[in-house]
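Only one structure is covered here, and it is reproduced in the block below.
We just call them A, B, C and D in the order they show up, numbering each chain from 1.
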Amino acid sequence: MTFVLDHIGFDVGGVRVIDDVCLTFQPASLNVLLGPTLAGKTTIMRLMAGLDQPATGSLLHDGQDVTGTPVRKRSVAMVYQQFINYPSLTVYANIASPLRVAGVAKSEIDTRVREAARVLRLDNLLQRMPGQLSGGQQQRTAIARALVKRAGLVLLDEPLANLDYKLREELREELPRIFSHTGAILIYATTEPSEALLLAGSTVTLSQGRVTQFGPTSKVYRDPANIDAARVFSDPPLNELPIAKQNERIMVQQDRSLGRPNAFSHLPDGTYRLAFRADAASIGPAATGELNFSGTVLVTEISGSESFIHVDVGIGTWVCLVSGVHDWAPGQTATVNIDPTRVFIFDSSGQRVQANVVQGAEA
Amino acid sequence: MIDKPVNNRAWFFVLPVLGVVLFSSIIPVMTVVNYSVQDTMGANSFFWNGDQWFRDLLNPATTIGARFNDALFRTLGFSLACLLIEVPLGIALALCAPRKGWAVGISLVIIALPMLIPWNVVGTIWQIFTREDIGLFGAALVGIGLHYNVTQEPISAWMTIVVIDVWHWTPLVILLSYAGLRAIPDAYYQAARIDGASRWAVFFNIELPKLQKVLVIAVLLRFMQTFMIYTEPFVVTGGGPGSATTFLSIDLDKIALGQVDLGNAAAMSLVYYLITLTVCWIFFTIMTQLERRGDV
Amino acid sequence: MTSITLDRIAHSYGGKPRLESDYQLKPIQHVWEQGFAYALLGPSGCGKTTLLNIISGLVIPSEGRLLFGDKDVTHLPTEQRNIAQVFQFPVIYDTMTVAENLAFPLKNRRLAKPVIDRRVAEIAKMLDLTADLNRRARGLTADAKQKISLGRGLVRSDVSAVLFDEPLTVIDPALKWELRSKLKSVHRALDLLMIYVTHDQTEALTFADKVVVMNDGRAVQIGAPADLFYRPEHTFVGYFIGSPGMNFMPAGVKGNRAEVAGFEVRLGEIYGDLSSDQSVQLGVRPEFVSVTSGPGLPAQVRRVVDLGRKRLAHVLLGNHPLVVRIPREMEGVGDVVNISIDPANTHVYVADVRVQGRAP
Amino acid sequence: MRNGALPKILFVFYLVVLMLPIYWLIKMSLQSNTDIMSGLTLFPRNPTFEKYLEIFNDPTWVHAFGVSLSYVAINTVISVAVALPAAYAFNRYYFIGDKHLFFWLLTNLMAPAAVFAMPFFQLYYAIGLFDSIWAVVLAHCLFNVPLAVWILEGFVGGVPREIDETAAIDGYTFPSFFIRIFLPLIANGIGVTAFFCFMFSWVEQLLATTLTSTHALPFAAVMTRAYSVSGMDWSLLAAAGVLTMIPGAFVIWFVRNHIAKGFALGRV
């Protein structure tokens, strides 16, 4: 059961919002649509579900063109960000609704609904009304309805965005497991790179309605094809540095030379953008290694297991990761040491130019 | 929020409404237009009269023109008076209404009661109420020395119709303002308290701006209803004394069904209808704009 | 400049609370120092907003006293508590410009115009609102509106505490970082007591000097971010702080030895003989459990999670699930690895509360 | 923010003043004409229900009430039934001319009845519907159908669009979705709309009296006749007036939370 988007285009108010998207999803796969708000994640999902019709291109489900098929007739299930349930039906009726419509026998409905309720820990809430449930329970009801339908295509549109931090962590663990044995194609939209990494599977990075890269999640993370894909897949934001190579020397803002680090030896002269993620830079009082920039600490962000130190290095503000809780006082001078083996290099058009995959980054 | 899709098949949903309303509005309007451009010598024979009726109507020199002019300004005056009293009074009372507890339900019902009474019964109530022999209102006014007589005194008659309308329809402004006030999140009042805002500052800076959308609707509804008032003046004063309370609707009814003067009646009807259309259009544009801005 | 004292404050919406569970907010005794930033952190419904409303005056606590400095303000109305508050969604006066919004509290206090203008300009500069001063407040972005809402509190010289009720809820994820660092820089610039309510640990730990972790109406632990991470006093704090949370394993503890699933673990401190107590648990964060080539406890790898900057493995020690940090190149799901637990960061919990052992 | 008790006193005073005329009518209906004429009293002297009995036993009154109730009820059912699909379409879709049609409905809702009295009279006379309840039913559709569309459109807007989509994804055909899922969600909206259609048709007097003469005479017409014929039988008039208030007063309690939304044409 493959699902193919073939040159899909879509306009809103005359503006091309989805631009020539080509994607092929394999059966029983988990695919993450990763992109900032308004990148087109929800629009693509609505097109796949048939809620909106594409302006150009076609959708193939197992090779069969379903572009024109009405939503009703498609084997699809969808979970919205703001946990949509039928307010006038009990949790049981909500979960059973797709089966009732399909005319499944009553006894089978009962077993399948109770099984889905068990998996999503809703067993003692079946007679409640959605209005009486907490956010997490309402979303689990919506997920149960998607699960029980056994649709070939399951679309989850930022399903955890409105939930509590810790609740989000738990459901993020459960979701892949819940849908893993159904053989369905799972599409999961999110703005958070950490969610994509946790869910693994493969990832589609999106910006302004264009697919910038599609591949196994860890590969897209470690080996971004272009700067857009790298930016989308970085939280905190990607640290970037414009550089120029003139006769074998790497220059930063005309005045400062970085000598001839071997990582750049194979590049022809020209302007490039060097980029690295927070974990590819360490921070310390003194410089260690070739690529180091001194600056002043702006603020420290502690997320429990890690701390992010924001440093203003003159040519930009960079973020460095330190594991554990370290509170660098703002205003303190510090040196950002970049690990040259975990740096990405992009040409002026944003394409990645490193000949070999940067070692060290590959697990 | 996902924007609405374009779906012209939706016309099938709308056809029944179109059919019913079309039948009960287009055909009558056509007959009115028909009469407004023709004249008759009796015995059902009609001849083209061009826009003569309209020219007479809009020319104050002609008798019909003067009569229409007087009725129009009398009605506009009446509408203005009602609006100037009802809107501020309605807002003030909405501010005093209880916000929480059992009193809310009962107050809403009591306030809504006058609007649920058939208009002619409202007329009857006030016909009795304003008589100084058997009516409390009449007796009270005469008691304090005012020579108040609905059937003889033009001022008394006109004032009475205004009082009736205020009594009958201020609740509409109260209910709408009350709904508007209840939609204001409590955080705004909390913030105002923290900012040390006075009661007036809270009203002018939080409540009034938030009531804007609701007040536009209230003003439109009230203007339209007062502008086409018929039953209460018809029952209580019959348009008298003289033409003190002969508002447009009453005058039109007299000409159309009273004197069966089809030409003048039709012309007057159309001008009257065009005025209401323009007011509706102004309201509709303001309303769709407010909705698009979707203020919190 | 005042501190805030919670003197056995508790609250229950119903009548007289008979049993423990009737309390929306269980009794809390604490003093909040002037100039510090505090965060009230906990899942939905843990009572953090109730506590904030008690401080702001929206809710009168059913028990206990609230003191600003040494003045009892328990029943004082909000406007006389010289506090400022930023709400979940931006609360601004739509009809006014940004400057008028900021000047509003001072105008109500009838300050002289030049004083108001100077103060507004000063706060606008601090909050990067100077460019928008003359624009109508309605048209701005959500994060700019939240800064205006904050600015209305900061312009007042008499404000001693600023309350935040999950202020980043409606802010676009990409902009959250900027507003967070702005709030932090404002806190450094002004010697104000700030109280910040959130369910997101990053916001709490970033913003606050001290975090009050709450659960089910109770203040479970109050401490600096480092304390919460390195020495959680309660199993809930261990679970709630850190992503993923702390590992907990039932264990028999005696002296500086702990017996876990038949294996022996060395402890950093010396405890009494707790082996008989069933509720004893060993708690250690994934960051302090590593895979070694040397001697260690055999654990079978069940699942590997690659978080890009770090890799975690879900392993089984006997039948206890653990989350462990693993180096980059280790892949083998299913095989057994030796894990070593860092004694200095291993804690013993009896009935969910941490037990302090003697130094060795 | 209320400054103490003053607003409460003012508000209660207003409620009393508001109810005074209605109380006066009820007092009148409980007195005989002679008692009324013999002077002003705050409470009815020897109250009697004779006027009510007179009405209940008088076939013309009973027939008049029956006629009024029937055309109002039929009109309400037609208005709501016809308006439901239209309200859904207006709220859920853009279609050619939707803005203009919605505006046109508003103009009909606001049209002065006086303008239509004469044309309706001629139209229904021509097609033989004059002096039948159907004349009034169709005439009241002029403003009641638009009213129903506007109010229902407000309530349809209250249901998130994602619910329609979830139902489509679950496999519901449109009709079964509309009846099984959608209608229950706007049930109170339909109730409030029916109430307002009932009320606006029940209170309207000009068209109801113009389009009927003998056979389908509504109570309003019988009341106006009562003025001239029996020389001001005040207590009879009062009693009839009180009876007309009963339907409204009874039903309002059930829709009290949505009154404002109804009066504001669903826009609040």
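By definition in this document, contacts are C-beta pairs under 8 Å (C-beta built on N, C-alpha and C of every residue); 3 or more make two chains touch, one makes a residue touch a chain.
Predicted model only: the values in this text are computed from it and were never measured.
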>> By that same contact rule, can you tell me which chains touch chain C and chain D alike?
In response: A, B
> Expressed in steps between touching chains, what is the minimal separation of chain A and chain D?
Replying inline: 1
> Looking at B-C and A-C, which pair shares more C-beta contacts?
Replying inline: A-C
> How big is the gap, in whole Å, between where the Cα atoms of chain A centre and where those of chain B centre?
Replying inline: 57
>> How many angstrom lie between the centres of chain A and chain C, each centre taken as the mean Cα position?
In response: 27
>> I'd like to verify one number: the distance from the centre of chain B to the centre of chain D, where each centre is the average of its C-alpha atoms, in whole angstrom.
In response: 16
> Using the touch rule from the top of the page, what residues of chain D touch 2 or more other chains?
Replying inline: 162
> Which residues belonging to chain A are in contact with no fewer than two other chains?
Replying inline: none
> Inside the complex, what are the residues of chain D that reach chain A?
Replying inline: 160, 162-163, 165-173, 176, 181, 184-185
>> Quick check on the complex: what are the chain D residues that touch chain B?
In response: 1-3, 7-8, 10-11, 14-15, 18-22, 24-25, 28, 36-37, 40, 78, 82-83, 85-86, 88-96, 98-99, 101, 103, 105-108, 110-123, 138-139, 141-142, 145-146, 149, 161-162, 199, 202-206, 210, 219-220, 223-224, 234, 237-238, 240-241, 244-245, 247-249, 252-253, 256-257, 259-261, 263-265, 267-268
> In the complex of these two chains, what residues of chain A are touching chain C?
Replying inline: 36-37, 134-135, 164-167, 169, 191-194, 197-198, 200, 217-218, 221-222, 236-237, 277-279, 298-306, 310, 321, 323-325, 327, 330, 363
> Which residues, counting only chain B, touch chain D once they are in their complex?
Replying inline: 1-2, 4-11, 13-14, 16-18, 20-21, 23-25, 27-29, 31-32, 93, 95-98, 105, 107-121, 124-126, 128-129, 133-137, 139, 167, 171-172, 175-176, 178-180, 183, 189, 192-193, 199, 202, 213-214, 217-218, 221, 224, 227-228, 230-231, 235, 248-250, 252-253, 256-257, 262, 265, 269, 272-273, 276-277, 279-281, 283-284, 287-288, 291
>> Quick check on the complex: what are the chain B residues that touch chain C?
In response: 185, 187-188, 190-191, 193-198, 201, 205-206, 209, 295-296
